[in-house]
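One structure below.
Naming follows writing order (A, B and C), and every chain is counted from residue 1.
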């Protein structure tokens, strides 16, 4: 869109800036404060600090957790985004069923994450859980506490169950915001269903989809509670995703330094990835 | 291009219409001739868009049928009826270039190659879009986008009718007149049946050969712009058309005389005594003159607006207000004057409807 | 010329409504999905009516020893229901603050170019990228120092850290779908900015507002760490009470399940309220 240059627009952004900065900058400064204080106590900390970074970045353990994390996030995005969009496309646009659909779809999102983990923990139990028992009854041996594949399967299923609705709601709202006139014009132009999707719906949903992808990317990368409650990271290390690993390591140390360092690495990774996705998905806009 | 008939059409948006008030469009019977330029004119909510959508196939009428060239198309979709519609809002396929936008309807109908290319370029030339053909449609201004919408309708040579739903609403005022005249030229060139919905009388009167004035779901009058101007069938048409609209004054009418605010005015025709009705005298400001000799109906001048080529004087006759169109060269002094009516342009209305007198 | 029968009173009975039937099986997709979503929820409800022993001891589709005890425990314990009320309060506060602040900002990002706009926009999102654990202590110190510890407003403000960026991004996305021509036409028609914004613009982005409001509520509702850190007694959230259940008496699964089931309700009400906004099409407004 043709934006007009208007520096007074800063006033419109001011409330947001104040509220977010208050919560972001000030605590951040306190954290920085800590590291500065320690460094005065002994410069040694700084050196050890950077050595620590290197140690983490070169450790096999870190690479393994990172690898698992990329795999997890990749699978999640590959399933949840298309699935969410597909469901949004198939949902009714008018009538009483719309409310029913929206409310029911929102339910998984509202359950506190530790409860989500707890539900699935029991649900997938091979002996006492509905899912676990059903799969075993089909003749497939299933035990998520012992088998790596089963653990991953349950983890992914849980996340899909929990978060796909976020994509659905965003995509649906985005779809509904498309003016009727576009559909009418397409009908008059004789466009096929696929053409309507490709030339009208998808382009107009682009921004909303970007948000959905970025949200799922970030949140799945930072996921902690649900997998922790579900499997505790096991069996063994199989489902120890990045944050679980970081917390485990941090708990073993005694000062704030390493935890801060790891958080920083973490943050930078999420930042870079999000920035890449963001740029890629909005390059069309950038050109106009 | 087709002749469109609306036979006994009525439409209600709710599921079970009970009374007249539930109908957005009340029982109507209309014919749109082949190749004609029509305007549906009326205020918001009068049912004109409903009528348009019934013709285009975007709505199925609650009652009655729609016929194209005598064939009942009520059950057919817009695509099957082969109409083209331009919306209030420029609708273009953002991801395509202008060329691809224009080519889209043809491609969907399996026209391609040289035939498609020639046709697209011909239409682009007609609409002055040739230079923009390779640009992404998204980047163009609103009026250019409307031209693209228009072009997508024109590009199909077998279009039965072109329907316009207030297409100039989001256009810059300066560019409106340009597009308006282009549409008129297009009609002469292409000769399609064109039906134009608007609430702006200037658009309607400059574009259409026949104007259909609507109000509250009913057709109030159908006629050429001249007919609507000279002989409004209804006080509403009188108000709505003309700038300013017709003056309507309560009167007592008997024989050849109308009495307005105690003053007798002679009428061109003889009228029966109209009892039990609200009787009004209608006269357009264009046909009210300031009496140069001071002899006429005495009025007080409230305000004079200079509108360029002429002036509009707002005057009061006793307790009724009138607009008078005054030439540039006529001087008005003081706050009182005398006016006279052109007798051949006086109309009598009973309950808003025109009454035919006898000669 | 043309025949016109001016509208007469409709006296004939209404002809059978012709509906162009559009046979579709697309409803199967959302139906299957909803079924998939409801199974674990049914499981949750199932657990909530069982005793913890039964949950961990046997498999049953239906509670063998059906019990209301879990719910009773929650409803009768003031700490529990205060927890709900507190959470509802700060989540609602947060939603209102976040969406209200986000609306003008999103409009600015959508319509105007200004110094640093792209960077500011992306910076907002970065606030969602930090694991909150690192912020727990600093937040505690910050809010204590301004005397807001253990208040609802503290949690509502703290949650703005991640909810405002979300709201701004969502609203901006929807606002960008409304062409600038509509703004300009309104100004030409004589609308002041306020009238235009509230009477014309907001209805057009209703879907975005509905979604943004729901997500703000949802993320605030489920957020555990900051809510626990910033409160102790007066504004104690439900999340805090629930984690207490786990730590004190071992894993009281039945009660946890009942609590979980109850936490769904306020959020369900919120989305019920905004459903019309989300499902609202872009009615080509009478501009």
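Criterion: a contact is a pair of C-beta atoms (placed from the backbone, for glycine too) under 8 Å apart; a residue touches a chain by one contact, two chains touch by 3 or more.
Remember, predicted model here, so these are calculated numbers, not experimental data.
Q: Select the chain at the greatest separation from chain A, using centres from the mean of Cα atoms.
A: B
Q: State the pair of chains with the top count of C-beta pairs in contact.
A: By contact count, the leading interface is A-C.
Q: Determine the chain that sits nearest the middle of the structure, using the mean of its CA atoms as its centre.
A: Centre-most chain by C-alpha means: C.
Q: Give, as an integer number of Å, the spacing between the C-alpha centres of chain B and chain A.
A: The answer is 55 Å.
Q: Rounded to the nearest whole Å, what is the centre-to-centre distance of chain B and chain C, using the mean of the C-alpha atoms as each centre?
A: Chain centres of chain B and chain C, defined by C-alpha means, are spaced 47 Å apart.
Q: Report the inter-chain centroid distance for chain A and chain C in whole angstrom, where each centroid is the mean of the CA atoms.
A: Once rounded, the distance between the two centres reads 17 Å.
Q: Quick check: what residues of chain A touch more than one other chain, meaning two or more?
A: 179, 181, 204 - these are the residues of chain A that touch more than one other chain.
Q: What are the residue numbers in chain C that touch two or more other chains?
A: In chain C, residues 179, 284 touch at least two other chains, as defined above.
Q: Among the residues of chain B, which ones contact at least 2 other chains?
A: 77, 87-89
Q: Quick check on the complex: what are the chain B residues that touch chain A?
A: 56, 58, 77-79, 83-85, 87-89, 91, 93-96, 104-105, 108-109, 136, 138-139, 149, 152-153
Q: If you look only at chain C, which of its residues touch chain B in the complex?
A: Listed in rising order, the residues are 1-10, 12, 14-15, 17-20, 179, 181-182, 184-185, 188, 284, 286-287.
Q: Inside the complex, what are the residues of chain A that reach chain C?
A: These residues of chain A touch chain C: 1-10, 12-13, 15-17, 19-20, 22-24, 26-28, 30-31, 86-87, 89-94, 97-99, 101-115, 118-120, 122-123, 127-130, 133, 161, 164-166, 168-170, 172-174, 176-181, 204, 207-208, 210-211, 214-215, 218, 222, 224-225, 243, 246-247, 259-260, 263, 266-267, 270-271, 274-275, 278.
Q: Which residues of chain A touch chain B in the complex?
A: Residue positions touching the partner: 179, 181-182, 184-185, 187-192, 195, 199-200, 203-204, 288.
Q: Please name which positions on chain C make contact with chain A in the complex.
A: By the definition above, chain C touches chain A via 26-30, 33-34, 36-41, 43-44, 47, 55-59, 61, 97, 100-102, 104-105, 107-115, 117, 120, 122, 124-131, 133-135, 137-139, 141-142, 157-158, 160-161, 164-166, 168-170, 172-174, 176-177, 179-180, 205, 207-208, 210-211, 214-215, 218, 221-222, 224, 238-239, 242-243, 246, 253, 256-257, 259-260, 263-264, 266-268, 271-272, 275, 278-284.
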